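Report on the following structure.
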Amino acid sequence: MAENNVENLKKIREAVSQDLLGGRIDLLLGWEKGHYWWQSRPLFARTEEDLEKLTWDSFCAINLSRYLLDELKDFQKVGVLVKGCDARAFNRLLQDNMVVRDRVTLYGLPCPGMLDYDRLAEVAEAAPEGIIEQNGKVTIKTADGEKSADRDDLLADKCRDCIYPDPVVYDQLLLSPVGKKEAPEKFTAIEKLEEMSAEERYSYWEKELSRCLRCYACRQACPFCSCRECFVEQQNPRWQGRAYQASENFMFHLVRAYHGAGRCIDCGECERACPVDIPLQELNRKLTKDINQLYGDYEAGLDAELEPPLLTYRPDDPAAFSEK
Amino acid sequence: MPRTGVFLCHCGSNIAGTVNIDQTIEASRNFPGVVHVDEYRYLCSEMGQDIIKKAIEDNNLDRVVVGTCSPRMHENTFRKAAAEAGLNPYLLEVANIREHCSWVHKDMEEGTPKAIALLRAAAAKVALNEALEAPKLEVEKRALVIGGGIAGIQAALDIAEAGYPVDIVEREPSIGGRMAQLEKTFPTLDCSACILTPKMVEAAQHPNINLITYAEVEEVNGFVGQFDVKIKQKARYVDPVKCTGCGICWEKCPAKAPSEFEMGLAKRKSIYVPFAQAVPMVPVIDKETCLYFRKGRCQICEKECPPQAIDYEQQDEIIERRYGAIVVATGFDQMDPSIYGEYGYGQHPDILTGLEFERLFNASGPTGGKVVRLSDGKPPKKVVFIQCVGSRDKARGMNYCSKICCMFTAKQAILLKEKLPDAKSYVFYIDVRTAGKGYEEFQRRAAEEYDVAYLRGQVGKIFPEGDHLVVHGVDSLSGKVVDIKADMVVLSAASIARADAPELGRKIGINTDSYNFFNEAHPKLKPVETHTAGIFIAGACQTPKDIPDTVAQASAAAVKAVGLLSKEMLQGEACTAEVDEAECSGCLHCVAVCPYTAIDAKEIEERYGDGTLKRTVAEVNPALCQGCGSCSAICRSGSINQKGFSNEQILAEVDAICLQR
Amino acid sequence: MSTAVNETSAGKEPLIVSFCCNWCSYAGGDLAGTSRMSYPANVKVIRVPCSGRINPMFILRAFQRGADGVLVAGCHPGDCHYSTGNYHGRRRLSAFKRLVEFAGFEPERFEVRWISSSEGDKFAEEMTAMTNKIKALGPNRKMRDARWQKIT
Amino acid sequence: MTASNEGSRLIDEMKAQSGQDPADCYQCAKCSAACPVTAAMDLLPHQVIRYLQMGLEEELSNSKTPWICASCFTCAARCPRDLDLARMMEGVRLTVLRKREGNKFGPADLTPEQLEKLPQQALVSGFRKYNK
Amino acid sequence: MRYRYFPGCTLKGQAKNMENTTMAAASALGIELVELEEWQCCGAVYPLYEDELISLLSPVRTLAAAEGEPLVSLCAACHHVLKRAQELMQRNEEARDKVTDYLEIEYKGEGRVLHFLEVLRDDLGFDKLAEMIKKPLEGKKVAAYYGCLLLRPSKVMQFDDPENPTIMEDFIKALGAEVVKSPYRTECCGAYLSVTEEGVARDTVAKILQSARNAGAEALITACPLCRYNLENCAADDGKEPVQVYYFSELLAEALGLQYKQLMAEAKERRRVASDSK
């Protein structure tokens, strides 16, 4: 990526600045560099000047589509840069009636997968100070020298099992497609958990969930969480207790995952956002796996026209009960 | 805090024998909000109801719990009593301490704590009950009948006679349906046209009946009492007001097409009436084959028409009208038996279906009423009838019995013998089914007096050999293989649902079974109702049936429709869903799961900053909502909530039941 | 409150919360009653209009508050009073059942049954079977909110 | 003759090993009408199912019919109850063949001329069908 | 177009002409048939009881040996057994585990299993075939004889409409010959009954041949060596001109203009290459 970085960024900037200047969009949602070189944050660009801050590198993990929920209130026409997962998230929002297709311009960015700082540090065994990418290899610069590794080994968790790196919906595709990928490991963790006894699984989750701070960062990042008032905050009825105990931890996490049943687009933003590293994706993927097995393959976010599996039925559907 | 009264019924010893009433009373006093507790031997008696009424007034109760039999038994009784005392009836809840408690548990040790738990749950729920009102719905005093066969005609006549206006929408250019295609009817052998035509004319002339032929239902909205229907009147290209039905146009028309009415065995013109007794006697132009429409020249009909009724410029029109009730009577089709390769249907002109064979008997049919082989025009000597072609066949056809074939086959075999005394009929059958008045006697006459040979078994192969068709079959009773050199073969092809029945069902909001027949609301007790209030079904669109059953069902559907139309107002469901617009994010998942299309999207305007923002929310039409609660279960934020079974109420019940284990 | 009530509520007997649809399963329960078929008093029924009304949060709440087992009962697929409620319910509750099992609940803790209004015998049998299975498993501690019982 | 289908091992095995339950048959005799080799049979194909329904296993193991069946699958292709009679015939044959001394046919039954003339396929099929 | 090829026993013996003509025709048509390196008899009949797993070992080994590439056979019986064994491997997990465990192989029912006629219809296309015909069989009246094994059970074989098949007729048309349809074209020839009950086979064969002759056929084509054997050996000598029975491939080779001598030479060469490579 880095080798074409300058060129790619130029292409992107040209395309969006034309639309911004030409009034076809009032705002562009993109990325700008964060405090550190290995961070980025959303860029809300309204002017040519703003666009100078635009970046596109291996650290643009953040899913921008969800920002449309707020920005469409203030701006009539919004442009968004969408990677594969941002585009699927857009379809999710479209299907949930949260965005108006005509008011959004999607600039598709086929995505090679984003890198993860912790991984870089782990591999370099020192604090990384910068990287150089070439031919699928990454050279990590540290105070002690340089270390080289396969790019695939440095991918962020959310990108490792990505099947659709290319945007599935866009108005303009700005870079050349990456192609569909395989993710044979996608359900491995789940299968492992399935093999455990009920007791072991409960203990596993009790421990994992015990770290939950109820900060709801997972929800804020999630494209399927678009309620105006989340059940956790409702007073009447009060679904969710406030106590930090297993009972309430399970309540929140099972219901959060269930609300994504047949709707989760597997972008992994929840897990990336979680400050205490709860493996939230495992709950999401378990539902995806079972629903697909029971009711046929369905991948949320691929096609906004296809009815999500829990909103439809077939008379001869199977059931997961001991009586079928 | 509510002021709740709890009333316990002994039901003689039915409850009191297994539930310790004194302990239960004591426990009930401690439920939150309970200010009054009482008991009586038979609470459902007038005395018992008076106790409740009086207590409501005396103690200023605003909530009531009765611990009695099942709510499915007496909930209405007690709610009426509460209403008489001035309390909104929906502020009363029933705890089922008889069917679900005293009758299924062995002693007081089991029964008493359970009764207390159920009462506590009811008291917790009732505290959250709200006064509800069932919506009152106006009734449009007009009925729509879809389908103008014998079922539709009969239903329309009955509704019209009861004094209500009724429209018949018929897809074909004429009413009459399948019965018009029949030569004779079993078991009396009266001529089909002789008994049907007078009814067709009566329908056409009835002041309360309006025929809309060559038209199809496009869209149905609304609900019981107020169905808003869009009907597409297809262009006839003939002005029905000017047309006198003189017939010169179709006489002169040079273009031909296979006649649908004659099952493709004969041709009709491009401007045509489907059959000689058509009602209305106004032709239509078939655009697909008309020379003028295809090539821009001809116009003979226009030149020849004495009253100048031809109008090539006519367009399809949409008629929009409101109806209080709808009767669906769209009839059936005959299965195409060509998938049964061993029978060779479609590969030889002398292998026909039952309905095709029927047309050969008709004086205005393709052979002018002569029963002859279509291959060479000779009268057949041996005719083989094969039953259950596509019926009772779960592998290649339909798993059900088509019901009419045994009888129409006996009829055709008798008619054949009467027309051609030298002809011999053979019937391969699995079972002969003749349940119906005079049916068994009729079928026996075929076998005994008309020399029809019934062979119990099936046919494995039919193939031409010389002038004949060799029918290779088995008679299972003798265990003998039979080869018959037949002249004609008649296949009793299954009666099947109209291919577009599911599509029509979706349009009007009724569902179909796995064979695409329309579903009745209850197989025994609601045979003409559907799950959608105000829509009724009649005739073979529900399942294959004969004419007497069809007519009876049509009259039944008409009575149901008339009963509905005769009401001034209808009472809707009170426990409907309701949307909290402030919370609703407008994802409309509720719309997707609603079986009644009772939920719609609605645009609302909301203050935002200095201006306003438009956004979508869900909106429930309480007249359509039947209170299933599926929407409330799918809503992640609980923004749509069912009254009477709200999230709050159900959680309160869970909490209360779990309080004490 | 009398002592007899207190003794049976000492916490040894398991609690089964059963959500029954009004049209089939609740009526099936009524028939079990009129036919005097007995089943354990551990089962407490909450009447809902349809199995499609069940929000999985109701079930989790029951476990939080002390239920040892939850049984949802509805019309047989194809017989729903509201045509499609149980078809939707079947999908939702199937997905949910797999999820709670994944979270560590024993499969027997949450079940769904189709019981028609004419199946009083089946109603009694299923309620008995569920109670026996839960008794064999022992009390449920998972997701239990310890505070709730103390309030009593 | 004993007519009973209670606890028939043949039928239990048949259900398990071929998925065919004779009770599903309503005796329309379509199979018999379809069968190309009924002329040589002592029981018609539908009668074989009838015998199975009645539990007449002894009579079936003495019948010629299962050995005449050439497994052409025409009966199965046309059965309105979606039954595979060819599989049921196999079941009847196997109950005989699986008994000791049950073989119907072996190399000794062939003439040298036949051995010379018959294609490999015919020999293998014959041994498979009539020998265990 | 490359396929793995399973010949089966009979094609190396009595029916070698079916193989020779097919191989020659295939190479003329640009179809590469690569014979499996090691193969065993398919078993000739498919076991109809699902506990007869022994009989499945050989066909499953063959299926796995195709390594996921499309597997073609010529003999109707071989194709039948392979196709049904594959379907069982896809459907019945228990049987699959037992068989593959025993054979110590991995196989889950993958890969296309084709009869050569399907290759001609679906992959090459009869239109294309017709274009490549050098010596159309003009005026020759040919009837198709399907027999049982290619067509039934149709849910598994998926070869053609079991009651009204057209593939062989379309094939005959593509060769430029005149199609004759006989009502007995899908009836059984008597199969292995010719071993034990020759009389039965004589009856069935008589009907098939008579109906073909009545329909005006000069020749019958088949894809099954046993059918051909029965049709030739169980035919009654009624003094009339016999209907000639051919393998479909023989007419194919003829229509492609391949000479008999050329065929033989090619076959010899192929065998030499095969034995050299071993």
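Residue numbering begins at 1 within each chain, and the chains themselves are lettered A, B, C, D and E in the order written.
Going forward, contacts are C-beta pairs under 8 Å (C-beta built on N, C-alpha and C of every residue); 3 or more make two chains touch, one makes a residue touch a chain.
No experiment lies behind these values; they were computed from the predicted model shown.
*Asks:* Can you name the chains that touch chain A as well as chain B?
*Replies:* Of all the chains present, those in contact with both chain A and chain B are C.
*Asks:* In the touch network of chains, how many steps separate chain C from chain D on the shortest route?
*Replies:* When the steps are counted carefully, the minimum from chain C to chain D is 2.
*Asks:* Between A-C and B-D, which chain pair is linked by more C-beta pairs in contact?
*Replies:* A-C
*Asks:* Report the chain whose mean Cα position is at the greatest distance from that of chain B.
*Replies:* E
*Asks:* Name the most central chain, where centre means the mean of Cα atoms.
*Replies:* B
*Asks:* Which chain has its C-alpha centroid farthest away from the centroid of chain D?
*Replies:* A
*Asks:* Please compute the C-alpha centroid of chain B, do the same for chain D, then give the distance between them in whole Å.
*Replies:* For chain B versus chain D, the centre distance works out to 47 Å.
*Asks:* Would you mind pulling out the distance in Å between where the CA atoms of chain B average out and where those of chain C do?
*Replies:* Measuring from centre to centre gives 35 Å for this pair.
*Asks:* So what's the Cα centroid distance for chain C and chain E, whole Å?
*Replies:* 60
*Asks:* Counting only Cα atoms for the centres, state how far chain B is from chain E in Å.
*Replies:* Their C-alpha centroids are separated by 52 Å.
*Asks:* Give me the residues of chain A that touch two or more other chains.
*Replies:* 231, 239, 310, 315
*Asks:* Can you list the residues of chain C that touch 2 or more other chains?
*Replies:* Each of 57, 61, 84, 88, 92 in chain C touches at least two other chains.
*Asks:* If I count partner chains per residue in chain E, which residues reach a count of at least 2?
*Replies:* 162-163
*Asks:* Output every touching chain pair, sorted by label.
*Replies:* Here the touching pairs of chains are A-B, A-C, B-C, B-D, B-E, D-E.
*Asks:* Going by the contact rule set out above, which residues of chain C touch chain B in the complex?
*Replies:* 1-2, 4-5, 8-9, 11, 13-15, 17, 22, 26-27, 29-30, 32-34, 36-41, 44-50, 52-55, 57-58, 61-62, 65-67, 81-85, 88-89, 92, 124, 148-149, 151-152
*Asks:* Please output the residues of chain B touching chain A within their complex, sorted ascending.
*Replies:* Chain B residues touching chain A: 514, 582-589, 592-593, 601, 608, 613, 616, 634, 636-639, 647-648, 651.
*Asks:* For a test of understanding, state which residues of chain A touch chain C in their complex under the given definition.
*Replies:* Residue positions touching the partner: 190, 193-194, 198-206, 231, 239, 241, 243, 245-248, 250-251, 254-255, 257-258, 261-262, 283, 286-287, 290-291, 294-295, 309-310, 313-315, 317-323.
*Asks:* Which of the residues in chain D come into contact with chain E in the complex?
*Replies:* Going through chain D, the ones touching chain E are 17-19, 36-37, 39-40, 67-68, 70-74, 76-77, 84, 86-87, 89-91, 94, 104-105, 109-110, 114, 117-126, 128-130.
*Asks:* Quick one: in the complex, what on chain A touches chain B?
*Replies:* Chain A residues touching chain B: 73, 96-98, 226-231, 234, 236-237, 239, 259, 307, 310-312, 315.
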